[in-house]
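Both of the next two complexes hold chain A, though its partner changes from chain B to chain C.
Here is the complex of A and B:
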């Protein structure tokens, strides 16, 4: 530790401080103003007030958007995690011709710009008469989220003793029994982490949802609607709540990934 | 090669070949393992020993040839339908299960009820002296304790055969010797067949009734440790043993009891029994064990090979001395420290190496 360059250290600290400021200042600002009684976000602050939270609590539009988001998030988390598990296990277990192509394809969706993804989804889903409904958001988000689940579960599988599965076969478990009693228990922390992360990604996703959701708008799409109509501190309240929900999911996932339950059972 | 009479076979390899693509992992395995026998399969890494074991376990399918288990041909039968539990080099214990759940695993897979499972697992935990750790996780155990869990987990179904793939390689030397004794006693107690894969000659020779020596997919020799040590079949086995001096010679004139054999550095009269059917003019290769070579000072008038001492390896009560003849052949001589002192053996010293004709063993696999 003693021989580190002080100048470089200083620059790194400054760099981190700037990053954190630019990321968290807007969020902190919106959180502070959500508890402020004034109509417009300005200094000095007015009184402490929960009015804006009360306002969104009583707003049926917010509730419908929130309801759509939660339903979509839950279904997407389950579907994406199942798909991700299948993809990761296939990669772990089998070697086949074109495997690197398969992996590239499976992990591709997050690299596609969301606007293009949204447009493509809209074109495709409307052709098969599935656009403009909650199910269309589920499909689109499922496609976008399963690579995240796959990456997380794949990482966990790579930490598994390569003999473990064969050992279970050798002890009398057929392939299905081994999947159930060895592979899934071993990857369980990653499976839960994948559920939380994919839910968070779906929860936050705006662009694709905007293209395909039609009248069944999710919360982020609703927020844009609010902003276009009027600038209301209610947005700050919604934003703060959305931030807290997402952070909770991410933190849960991180805890699971950091603390695999090895040996603690 | 197979001199000893063996009990009825539980395992039979009939011309088994295993290829991975163009790579021949096992060239032609053709041997039997007797009921209740402790069989070691030994060789350096990549020699095909583990592949042979995995074919027996049902984790690999032979490319050609047949494998019989207890009289039944088992080619193509999945490993979960054979009762051939294996103790893995990595142990492969389930980290998300307790010790007892690990031991119960194969019973659970076979649909044994909960109470019965616990009862049978307890019995094996007791036998392996790990009852007190029953509810612990695997990560809370020491290396030796894990070894015992792995054994209990493999033996809980009371199989007729146990496969072991270098299970001791991760242990330190002291624990290794103790676990060797545990395994040896366990095998005698249970009276079941052990097939033990290892690269270590000391492990194989210490525990096994018979040893299969493999190299590059081929079986070089099968026999009891004494047979192999006393009469290696070919140059590979002799070199593998590590303590053999190997000489190439040509069979010369007949003598009353056999033939003279000329080699680099001299002639030796070998008995006909050693020479098998070799005739005058045939090439033979023979070996002399390092412990059977004697050393004498150059001025003692002893016939033999003149050589220079190039190094010495300390082995406790004895030492191995390495010498080089004037032709560049390396000699190994194993002697007590007193004997070495008596001939003033030190690096750079010139000595005469000599041995009795009876110490020579012709390698039958190198004839012709």
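Here is the complex of A and C:
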């Protein structure tokens, strides 16, 4: 550009570094605290210890919460991805009266504050005798996760050559066959990415789950309980493990999206 | 092309529509309905009573919380946007394509960490005997109260919003026409003036939308005000959780929730109108 100023550039890079420090300080802190013997970590840090991991390993409540989280996450991922696929294909392929209403309904849930979603879900689900069950968490998370699945798959569909579908029809494939042999193979990486991402979103969602789950608490709801009770570094240990498993899902999703030709023929 | 929707199109389009109608739109409408219901003997009963509305809207406590929540969310949106902009500017204009992609990936990571765990971690950093005050103590400063006050709440809200705002700002800055900046430089427009009168106006829509998202997220957040701000006096979201969890007064919580949604819709509409307004009118 010929209009660079080392001082300003250096200052800007420092600013990026500060922002990243601020964003990642609590995440890194949680890792460090989880491996620290102190109940109230401060400077200087206490000794290295695995006590908090041992504590959660031996806590049956943590295990039941973990079980609920995994079950809910798996079911939600499948439901949200199926719903999202249908929505994405509908948006890609069709124009119809009320399409903007359809899209708004499909994509708006993440913008509604979670306390309001939680209250609305609780009031509605308890009216139809479903609140306090694992199903109610699945229903609520299905609403909240399907927009993410839809966005991911829609993005992939927009990379598809529009002639591809037409070619399949010309070759005598009906819509179902085209869906099965052209569309689904083409979007397969995005479908898997959507499965992983929606599972990750469900794993971390605590607010709506807290409102509707009753006694069948998921792990994040348990953490909320720990927060309300006494200070407990067990949160750091759970958080660190949850972070590692979520990151595994994200990296898998990322790898799938980066090599879009793998997995499809 | 098609007059009647085919079975194929219905099979694909309907599941999402039905699910979101039944479990998203309907619960929200139901929320409006129960705001007119009454509670007798710990049971909600269908009714058409304005008592809940009257009770909430005539309380000073509600309006105090409303004002507090508005100020907090506005501060968080302005603060986050101001902190984010130099970073987004640098990412968009100063980094190589490769570094840009990496930065975007790094900024997506926080979305998949538990917000609760991060807030708990901030508690450890910010207490009077915590990491930051201990560090400050070594150089003879503090301790400063950083927890259970507005500072704590804002730290939490900025933590929640900053990655999203940097990402949205970066995407909108990426669309700014590079030739315009070159032209401004050739016309001897200063660096800061180029940013203020060329870059910011070109990216206005994205910048406003980013601030709007920060406002929406902070407005509805109950975790930071509760666990970093102390929760007392309450914000609107804390009010909702308190009312809901402490008994059967869901209709009153519904009134608070509807007021929140109405506010968010108004703010969103105003922000989007402002974002798309032509300059110089």
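Heads up, the rule we're going with is that the second predicted complex is superposed on the first by the 249 of 265 C-alpha atoms of A that agree within 3 Å, B and C clash if a C-alpha of one lies under 4 Å from a C-alpha of the other, contacts with A are read in each partner's own complex, and residues count from 1 in each chain.
Everything that follows uses one rule, which is that a residue touches a chain if its C-beta (ideal position, glycine included) is under 8 Å from a C-beta of that chain, and two chains touch if they have at least 3 such contacts.
A quick note: this is a predicted structure, and the numbers were derived from the prediction, not measured.
Annotation: superposed three-chain arrangement on chain A; chain B versus chain C shows no clash, the two fitting side by side.
Applying the stated contact rule after C-alpha superposition, one finds that A:161 touches chain B and leaves chain C untouched. By the document's definition of touching, neither partner reaches A:49: not chain B, not chain C.
Ranked by how many residues of chain A each touches, chain B and chain C are led by C. In the superposition on chain A, A:133 makes contact with neither chain B nor chain C.
Once the two structures are overlaid on chain A, chain A sits at the apex of an angle of 100° toward chain B and chain C, using CA centres and rounding to a multiple of 10.
With both structures placed on the common chain, the touch criterion links A:64 to neither chain B nor chain C. In the superposition on chain A, A:172 makes contact with chain B only, not with chain C. By the touch criterion defined above, A:186 lies against chain B but remains apart from chain C after alignment on the C-alpha atoms of chain A. Residue contacts after overlaying the shared chain place A:142 against chain C, while chain B stays out of touching range. Contact with chain C, but none with chain B, is seen for A:30 once the two complexes are overlaid on the shared chain.
Superposition on chain A leaves chain B and chain C with their closest Cα atoms 8 Å from each other.
Under the contact criterion defined above, no residue of chain A touches both chain B in one complex and chain C in the other. Contacts from chain C toward chain A in the complex involve residues 5-6, 8-9, 11-17, 19-21, 23-28, 30-31, 34, 83-84, 86-87, 89-91, 94, 103, 105-110, 112-125, 127, 129-131, 134-135, 138, 158-159, 162-163, 166, 182, 185, 191, 216, 219-223, 227, 237, 240-241, 244, 250, 253-254, 257, 260-261, 264.
The touching residues of chain B, counted against chain A in their complex, run 57-59, 78-80, 83-86, 88-90, 92, 94-98, 105-106, 108-110, 137-140, 153-154, 157. Those residues of chain A whose C-beta lies close enough to touch chain B in the complex are 161, 163-164, 166-174, 177, 181-182, 185-186, 188, 261-265. Contact residues on chain A toward chain C in their complex (touch as defined above): 1, 3, 5, 8-9, 12-13, 15-16, 19-20, 22-27, 29-30, 33, 40-43, 79, 82-87, 89-90, 93-94, 96, 102, 105-106, 108-109, 111-125, 127, 139-140, 142-143, 146, 150, 175-176, 179, 200-201, 204, 206-207, 211, 220, 223-224, 227, 231, 235-236, 238-239, 242-243, 246-247, 249-250, 254.
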